[in-house]
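Would you mind keeping the following structure in view while I ask a few things?
Chain IDs A, B, C, D and E follow the sequence of writing; residue 1 opens each chain.
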Amino acid sequence: MKKADTLTSAALVSEQRIAGTAPKKRRKRIQPEKMITVGTVATILVLWYVVTALGLVNPILLPSPLAVWAAFTQILFNGYKGYSLLQHIGTSLWRLLSAFGLAVVVAIPLGLLSGFNSKIKAALDPIINFYRPLPPLAYYTLLVMALGIADASKVALLFLAAFAPIYVSCVSAVSKVNKDFINSAKTVGANKRQVFFHVILPSCLPDIMTSLRTALSVAYTTLVSAEMVAAMTGIGWLVLDASNYMRSDIVFVGIIIMGITGILLDRIIVIIQNKFVPWAGKY
Amino acid sequence: MKKADTLTSAALVSEQRIAGTAPKKRRKRIQPEKMITVGTVATILVLWYVVTALGLVNPILLPSPLAVWAAFTQILFNGYKGYSLLQHIGTSLWRLLSAFGLAVVVAIPLGLLSGFNSKIKAALDPIINFYRPLPPLAYYTLLVMALGIADASKVALLFLAAFAPIYVSCVSAVSKVNKDFINSAKTVGANKRQVFFHVILPSCLPDIMTSLRTALSVAYTTLVSAEMVAAMTGIGWLVLDASNYMRSDIVFVGIIIMGITGILLDRIIVIIQNKFVPWAGKY
Amino acid sequence: MQRTYEGSNGKTVVKLEDVELVFNSEIGTVTALAQVNLDIQEGEFICVMGPSGCGKSTLLNIISGFMQPTEGQALMDGKPIEGPDWHRGVVFQTPPLYPWLTIRDNVDFGLRMRNIPEKERKAITEEYLEIVGLKDFADRKPYELSGGMKQRASLAKVLVNEPSMILMDEPFGALDALTRDKMQALIRRIWMKNQSTVFFITHDVDEALSLATKVIVMSSRPGRIVKVLDTDFTYDMDGANSESARYSKQYMTMRESILNVINQKDELAV
Amino acid sequence: MQRTYEGSNGKTVVKLEDVELVFNSEIGTVTALAQVNLDIQEGEFICVMGPSGCGKSTLLNIISGFMQPTEGQALMDGKPIEGPDWHRGVVFQTPPLYPWLTIRDNVDFGLRMRNIPEKERKAITEEYLEIVGLKDFADRKPYELSGGMKQRASLAKVLVNEPSMILMDEPFGALDALTRDKMQALIRRIWMKNQSTVFFITHDVDEALSLATKVIVMSSRPGRIVKVLDTDFTYDMDGANSESARYSKQYMTMRESILNVINQKDELAV
Amino acid sequence: ATDSSTASATGDDLPEKVVIATLEMPNDEGIAKAEGYFEDEMGVPIEIVQFESGKAINQAMVSGAVDFGLTGSGSAVLGIASGIPIEMIWIHETLGSVEALAAKSELNATSLEDLKGKNIGVPFASTAHYSLLRAITASGFEESDFTLIDLQPSDIFAAWQRGDIDAAYIWEPTLSLLLEDGNIVLHSGDVAEMGFMTANVEIVRSEFGEKYPDLVAKYIASVDKAVTLYREDPDQAIAIIAEQLNITEESAKLQMEGQNWISAAEQLDAANLGTTDAVGSMATTMLDMGQFYLDQGNITELPSEDIFADGINTSFIEAYLDSKE
């Protein structure tokens, strides 16, 4: 009955997400989930190693982990085509994050407003619904024409990719806001603007955070397309360029870097979510 | 006081989504929203016409609406590079929808299971989080290596694009399920499987439907990348090929077709959503 | 039974004229209210009773402005009620507290929206938190509270505004007897002090009689007002002789007559 | 006061041993329950009373298996309660009806989950819809119902299963007097017929006395059981002489003593 | 044009910077770029922007974002035919064995005949695609006698490995990889001999050329210097290219030998660009390509013959050669 052992219900419930699977008493702090995750990664690495070691696939298409590692250290120390690895990663992240930041700043208000006011929605929807399914490669030329070949057009492309998922989720989130929350605010004196900022916005935050995760990853998947035109740096360009020269070892380095940075960025959003939206799913 | 005029509150509330903006009595059936939407589209068309008619931009980059219309009729009657326009649209939609259907069938159960069972989540998350941000162009060659140059690899690429948004939304939706719903089911005799199918699944449907809209559009944006490899038909390939030959009139035809079919597919999901998830946002 | 109320000055605040409310859904309509005519005078304390599902909450929704009648009209000070505002504070049947705010911030919410100066706000908020007994829970989130605590919090959230009209939907349903008595005393005191108008839905005939200046009894499907009774026990309840008032002959007769009206109209099985 | 109950056979179904439940949150802990020891015997009808926020719902959550005590243990038939199951049916404080199902399908839910044959299911469901007076609303969705109707629907949802133990959290709080009486009669009848064990939270001392074989009074923060009273008025209420029982001397004394216990322990302001 | 160098010396009408759009190739521009010849010669800040295809460079030309651009001869034809205000000023290299049709060894294919009915991978709309189509028609076949599949280089290799394709018309370095279990059936040098030359060329925005003719001449000076270096010290040139493209020197050598670099003086030959007074055969080649694109349905009408002759501007080479003397 030592205090240190005593995990309280509230803490455990939020950890497990579903209260129905009630917390076991005196449960050990070892997380089997962590182990499973490590297991998955390890399995993939081993499979990769075995497949390449046995020569089951052509190494030019699927290089061995060792070759990829070698390429990585080589690029790490010598850079790639005149720029250091950090510069490649840095420019890409800069493009990605400024586009994403812009999308957050523009799409959340527009999406919430659209959900809030059917007239605004009616005005914006045709534009957004139209461009939303368009492959970036199809309209990139127009962006280049409008914004030139420097970073502006690349950022615009990534912005457009990130914009749509956030906008759509915001509109849908507003439609799900508890009507009593809104009514209650009005009866205690909130005006329309206040209802929007003090009720709609926080009510929608859990859904918005989920959409940010989707938006960031969608923007990331557009990185190669964005860096296809007039780029000399960027991890997307690196992959593209390496693949032109059939350097799949370098392509893999790029892919792994994108995957890992993607996971890290996603983690950051999840952490922000847990910190700022602790009430998600609570009533 | 004619009955025909009498709109009941319940119907109106669900139409307006936000109950706070209470229904006006005897409101006319003319929808200003429809007019606004038409207005937006008209404005864009007029702007487009004016900009091109005044020669403000080079027609190679932005062809006039008339030129695009001419290209459209030409392709409609004569096809493009040996295939009719309907064949191009048809193959693309076939690829898109089979990939999307596959994603729906795979991602929803996996996502819900991951949300339901933290062990499954721990096993899948590293894989999904890793590939999620990856640009398709970066790993397409691997798909070709694994699946060949026929439709399988194209469908796989579109599938991967559609999979992630659905999976992520499902996981997050499960975490938001009202715990009382689950507890209540257990106390009336539901086992784990039944809780999953009869409580978790329907609870998550509103969020799932929103994610399907995002997923379909994300998959659509990948169409040009998918049809970059070994395609001879497809609206994405048409755009790509036309753009290779600087035929921006045809590129625009393709873009407009993609935009419109995208809107139509999205509409279908919204209709399904309204039909099958009428309770979204109700308590 | 008629007498002039100290609280009421005879000025009509809310007027319902032939109000009808029909809900439409896929499987047919429900007439929640039909031919409802009602004058609410300034300073009145109206208690509404009636069987489950008879349209009490719907009536409250119309007066508060959340719904518009499908026929007839609802007027406040002679003008149609277009939507909710803070002059008509509403305590809901299920308390809509914001999970992203602490209890204190929930209570404070209305004052903040109305740009009351910080200092004044703080004083009022703390006062009401104290009154409803949630001082110790001021920094917690709504989902950390029990059912009754939520009800009290949402009561405080409305009362801080001191609205001229207070609409309440079974506000004390989840409270124990003592807390309930205290809350009743509170609302009576506020009503007297502010000369506010109260529209109060309850299932408890004793509660109705001990608070109301007018008891309205409704019948179900379609919801109609079937009986209006004027009472004045509330003035006695306030004083020391509350117990004697509660068991007076007059009280018992009126209690009986209300229960009879409700019970006759109900056609529940069992 | 002690007597052998026709309903209870002296077999302990649920046993709570030194149960403690502490909620943890950012701003500190709340001890909702401390040193709770309780034996519930088969066939008992336990009514739980206590001030708002004293831990009644928490206690119910532990017995139903939704929560595990942070200290001590909760046993059912000698084995620790690991999670909810249908032998312990729970009527919640706020009714969790599924918005994607009609009222009929909500009521039918448990039977469907337990693979009761279609025909039987249908009969039981219709019977209970009739009993709780929701036949006309069987095809509607929960959000089309009034507060009291939801409560009745969720009552039916649990009762169709005829669970051996029924846990109820203020199930009749939002019902008018008559409906409430009918529901009380219903639950009493079911309890007697099925020899089930009932754990019933209420704020209404009359309700407690007219239903319970044992009344438990709790004090707040930390929630403790401060008084356990055995009663048997429920057997009289069932018959024709219900009014006389309600106003008997015995009844009044017990009523008074319960209220005193509750009131003493409460430290609400006002 | 002879004294244009003095005009530019005033400095006032020099652009703030010169933007050179490039495709990464083992050619003279690569060397000029690596060695900083452009900065040295032009004396203005140089911005080199790398593109993935000639098409994108054409578009950038339209928007005025770039001044010089390196494209395949096909892209240049399309650009000029589309009315983009550009001029061809230089042939970087004519393509020889660096682009070739390779077939799987087991087919023992020595001619197109042996590939009838087979799958051939080729990146559509590229110089390789043009050469392949020309070779097919020139050899008396129909396009439909083969199955042409639109594939990018790395996908060609993957498809080749899987056996999805039997042959591919592709350039280095993919080509070498295919040759490990394949053989060359024909290459672009052969197709050039059939009369269908392909090349990578330099285009300049017409407006820029008019405004800064001396800068264009200095561009010519820079690439000519690279050609000279390659001719005089091939090992060094190979080393520079290898380093720049991040490939081995063998690979660089192989690629450079598979193409033909042309000096400034040679550019003016009748077989190449010709001179201002006597248009060279490049104009005919371009017209021929235009006709081909028309037949393929890629352009809607063939511009007049003159447009390709006008699209070649040798005045800058001439000015450069004059100033050198």
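Keep in mind that, in the parts below, a contact is a pair of C-beta atoms (placed from the backbone, for glycine too) under 8 Å apart; a residue touches a chain by one contact, two chains touch by 3 or more.
Just so we're on the same page, UniProt names per chain: A, B = Taurine transport system permease protein.
If you're wondering where the values come from, they're calculated on a predicted model, not measured in any experiment.
Find out how few touching-chain steps suffice to connect chain B with chain E.
1
Can you list every chain in contact with both chain A and chain E?
In this structure, the chains that contact chain E and also chain A are B.
If you average the Cα atoms of chain B and of chain D to get two centres, how far apart are those centres in Å?
That pair's centroid distance is 48 Å.
Quick check: how many Å separate the C-alpha centres of chain D and chain E?
Their C-alpha centroids are separated by 86 Å.
Two-or-more-chain contact residues of chain B, please, as numbers and ranges.
10, 19-20, 58, 61, 141, 145, 178, 180, 183, 186, 228, 243, 283
Residues of chain E that contact two or more other chains, please.
Each of 59, 62-63, 154, 157-158, 161 in chain E touches at least two other chains.
Which residues belonging to chain D are in contact with no fewer than two other chains?
Answer for chain D, listing residues that touch two or more other chains: 23, 25, 65-66, 83-84, 94, 141, 144.
Which residues, counting only chain D, touch chain C once they are in their complex?
By the definition above, chain D touches chain C via 23, 25, 27, 30, 49-53, 56-57, 93-94, 130-131, 133, 139-141, 144-149, 151-152, 169-170, 173-180, 182, 185-186, 203-205, 259, 262-263, 266-270.
Of all residues in chain A, which touch chain C in the complex?
Those in contact with chain C are residues 10, 178, 180-181, 183-191, 194, 198-199, 202-203, 205, 277, 279, 282-283.
Using the touch definition up top, name the residues of chain A that touch chain E in the complex.
Those in contact with chain E are residues 58, 60-61, 80-81, 141, 144-145, 148-149, 228-232, 240-241, 243-248.
What part of chain E is in contact with chain A in the complex they form?
Residues in contact with chain A: 21, 24, 48-52, 56, 59-60, 62-63, 65-66, 153-154, 157-158, 161, 173-174, 177, 244-247.
Applying the document's contact rule, which stretches of chain E touch chain B when the two form their complex?
Touch residues, chain E against chain B: 53, 55, 58-59, 62-63, 78-79, 82-84, 121, 124-125, 149-152, 154-155, 157-159, 161-162, 164-165, 293, 297-299.
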